[in-house]
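Labels for the chains are A, B, C and D, by order of writing; each one numbers its residues from 1.
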Amino acid sequence: MTLINDVMHEVNEVMDLVKEDQIDDAEGLIQMDRRIFVLGAGRSGLMAKGFAMRLMHIGYTVFVIGETITPAIKAGDVLVAVSGSGKTGSVVEPTEKAKQDGVKIVAVTSNADSPLAQLGDAVIIVPGATKAGDGVQSIQLLSTLFDQSVHITLDILCLKLSRRDHVSNGMAKSTHSNLE
Amino acid sequence: MTLINDVMHEVNEVMDLVKEDQIDDAEGLIQMDRRIFVLGAGRSGLMAKGFAMRLMHIGYTVFVIGETITPAIKAGDVLVAVSGSGKTGSVVEPTEKAKQDGVKIVAVTSNADSPLAQLGDAVIIVPGATKAGDGVQSIQLLSTLFDQSVHITLDILCLKLSRRDHVSNGMAKSTHSNLE
Amino acid sequence: MTLINDVMHEVNEVMDLVKEDQIDDAEGLIQMDRRIFVLGAGRSGLMAKGFAMRLMHIGYTVFVIGETITPAIKAGDVLVAVSGSGKTGSVVEPTEKAKQDGVKIVAVTSNADSPLAQLGDAVIIVPGATKAGDGVQSIQLLSTLFDQSVHITLDILCLKLSRRDHVSNGMAKSTHSNLE
Amino acid sequence: MTLINDVMHEVNEVMDLVKEDQIDDAEGLIQMDRRIFVLGAGRSGLMAKGFAMRLMHIGYTVFVIGETITPAIKAGDVLVAVSGSGKTGSVVEPTEKAKQDGVKIVAVTSNADSPLAQLGDAVIIVPGATKAGDGVQSIQLLSTLFDQSVHITLDILCLKLSRRDHVSNGMAKSTHSNLE
C-alpha cells in the first residue's frame, strides 16, 4: 500500500465522521446581508483564508481577522473561527469578545468539549488528529489531518452556499481576482 | 549633528518637493462611491497597505491586491499603485492591465518619466532616493527615503479625504479593528 | 448520497491519479542544505503557504515569495511553484526568471502541457478540475478540487520528508510557532 | 501654510523628542548571531514589517510574528514589539510570554508608563499621538503621527546597524527580493 492510500484512508475516515447537518447549521447563519469574518492561527488560519476567498467569489462581504482592510466586527456579523484543539488563545479570546458583542459564532474544531466549541452558535466538529492529540489518529505530523479535513468541510459548505444562492461557476469566475 | 537630524533633514527636503496640488488631483479621484484598490511590492507595498487601512477607517471600500478577499477590479474602480523606480514589473504590468479595463490610476513614484507615471490619471511624484538611484540623494539604504516620504504623503492625502468627507477621529476609531 | 460523499468521491478519484514517483522526484530536490522558496497565487498560494509552514516545522529554511522577509533567490535554491492551469502569469514569469538563474524548479499543476510544467525539474501532476477547465470534472466551484488535492499531495511530500529526515511529531511541535 | 507643512511640523516635533541613546540601546541588543522577531498590530504591525524587511536586507535572520514561516521563539532571541499605547493585548501578551521564556525585548511605544514599556530590555519612546491620546498632539487621524515617527525611528536604527555591520547599499541590494 502506498502513502497516498494511507493518507486518503485517514481523510476518508474523518470525513465519514463529519455530520452534514452541522454544515447545514453553519449555512443557516451565513447570509448575504451579513458580513462574514474568519479567524484562525497557523495552518488553520490558511484554511480560514481559503474559505474567505471562496465566499468572496460567491458574492459575500467577507473579512479575514488580521488582514489590512478588516474593520471592526459588530452585532449582526458572523465570525467563523477555526482551531483544531479549540483552545488556541489567539482564536478563543477574540471569539469570546465577539460573542459578547452580539456576533454569531461558527466554531470549527476537532474537540466538541473545547472552549471554542462552547462559544459556537453553530459548531462543526471535524475530528481529525490535531497537534493536541484530539480526533482520529494519524501517521501525519501535528494537525495535518485536521487541516485537510477542515479544508474539504469548508469547501462543502461553500458548495451548499453557492447552490442555495444560485451562483454558477461563471459568476464566481467573474469575481475572481483578475490581476494575477 | 545626530543621525536623527541627518535623516529628518532628508525627509524635509523631499517633502518640500512634493506638490500639494498633485495630492489634490489624487483626492479628486478617490470618492466614496468608487472601490479603491492599492498595489505595491516590498516596502512600497507596506506603505500601500498602511494607506488602505486608513482609507478603511475613513469609510472607503478598499482592497489590497494580493490579499485574500480582493475581488476582480473593473471599470469605475480606482487603483493606487506605488513604485519608487516606477518600473517594478509586478506593479507596472497589473496597472497597465487595469488601465486598459477602464480603471482610473493614481501613480505614486519617485520618477516622473517612468512607465508607472505614464499610466497615471493622477500622478504624485515623491522624489526620495530609491534603490534605482532616483530622486534626492540619501545616506539611507535602498529606497528608505522614498518609503518614508510616501508614507507621509499618503497620510496627508488621508487627512484631506477625512476633512472633505467630514470624518472625525471618533468616527475613524469606531471602524478600527476591535479584535486586537 | 450526501454532498460529503460526492465531494470525497471526487477527491479520491484525483488522488488515485497522482503518481507517487512524481512526489518522490520532488523529495529528491528538497534537501536540508538548500533554501526552499514557494510561490502560488490565490488559493494555490494558500496551499503553497501551508506547505512552507510544514517544511519549517520539519526543519527546512523556507521562504514564501511575497512575504516580508523573503530574500533574493539564487542558484542552488529550490522553487516550488503551484498553479492549477500552469499558466498564471504571476507564477510562470518569476519561475522562468528563477530557472534562468539556476534555481531548481518543482512544478505542481493540473496541466502536464502547461508552461509551468515545462519549467519543472520535478513535476507533480494533480489532475483536479481547475478554473481553466483542466483535469477531473467537478461539481465544485472553480479550482476547488485542484486545491484540495494539492493540499493532500504536498502533505504527503511532507510526510515523506519527515520520515527521510527522521523528524518526529515532538520535534515538529517544538518548532511550531509558540506565540499564538 | 500648507497641510504638508503642518504635518511635517508635527513629525519634526516628535523626532526632536526621540532620544538617540535609546536607539543605541536597541542597537546593542540586535546582533547577527541572534534571531530577531518583530510584532505589532494594525499600522504598527506594518511598520514592524518594514523594519524586518530592512533587517533582512542588512543580513539578519528575522521573522514576523504571524507570517507563514515563523518558528518558535526561544531564549537568546530578540523580540521587537511595537504598540502606540503600549497596551494592545495582541502585542503585550505575547511579549510577556516571550520575556518569561528568556527572550530579550525591544519595546517601541509612545507611552513610557505602559505595560509594553515595562517589559522592555531596551525601550524606544516615540511620543507621537496615538489613538489612545498619548504623545504630541496631532491634526492627523488616530495613531498616524506615531506610525510616521516609528517608521523613521526604526529606519535610523537600521542605518546605525548597517554602518556598524559594514553593509553597503550594494550589499543590501543583492539580498533584496528579486522576483518582483
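Here, a residue touches a chain if its C-beta (ideal position, glycine included) is under 8 Å from a C-beta of that chain, and two chains touch if they have at least 3 such contacts.
Everything quoted here is computed from the prediction, not taken from an experiment.
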item: Minimum number of chain-to-chain touching steps separating chain B from chain D; value: 1
item: Self-contact between copies chain C and chain D, residue sets same or different by half; value: same
item: Length of the line joining the C-alpha centres of chain C and chain D, rounded to whole Å; value: 34
item: Sites on chain C at which at least two other chains make contact; value: 46, 49, 53, 68, 89-90, 176-177
item: Complex contact set, residues of chain C against chain D; value: 39, 49, 52-53, 55-56, 62-65, 67-73, 94, 97-98, 101, 174-179
item: Parts of chain D lying in touch with chain B, wherever the complex brings them together; value: 2-4, 7-8, 11-12, 15, 18, 20, 23, 41-43, 46-47, 49-50, 53-54, 57-58, 88-91, 131, 139-142, 144, 147-148, 151-152, 155-156, 158-160, 162, 167, 169, 172-173, 176-177, 180
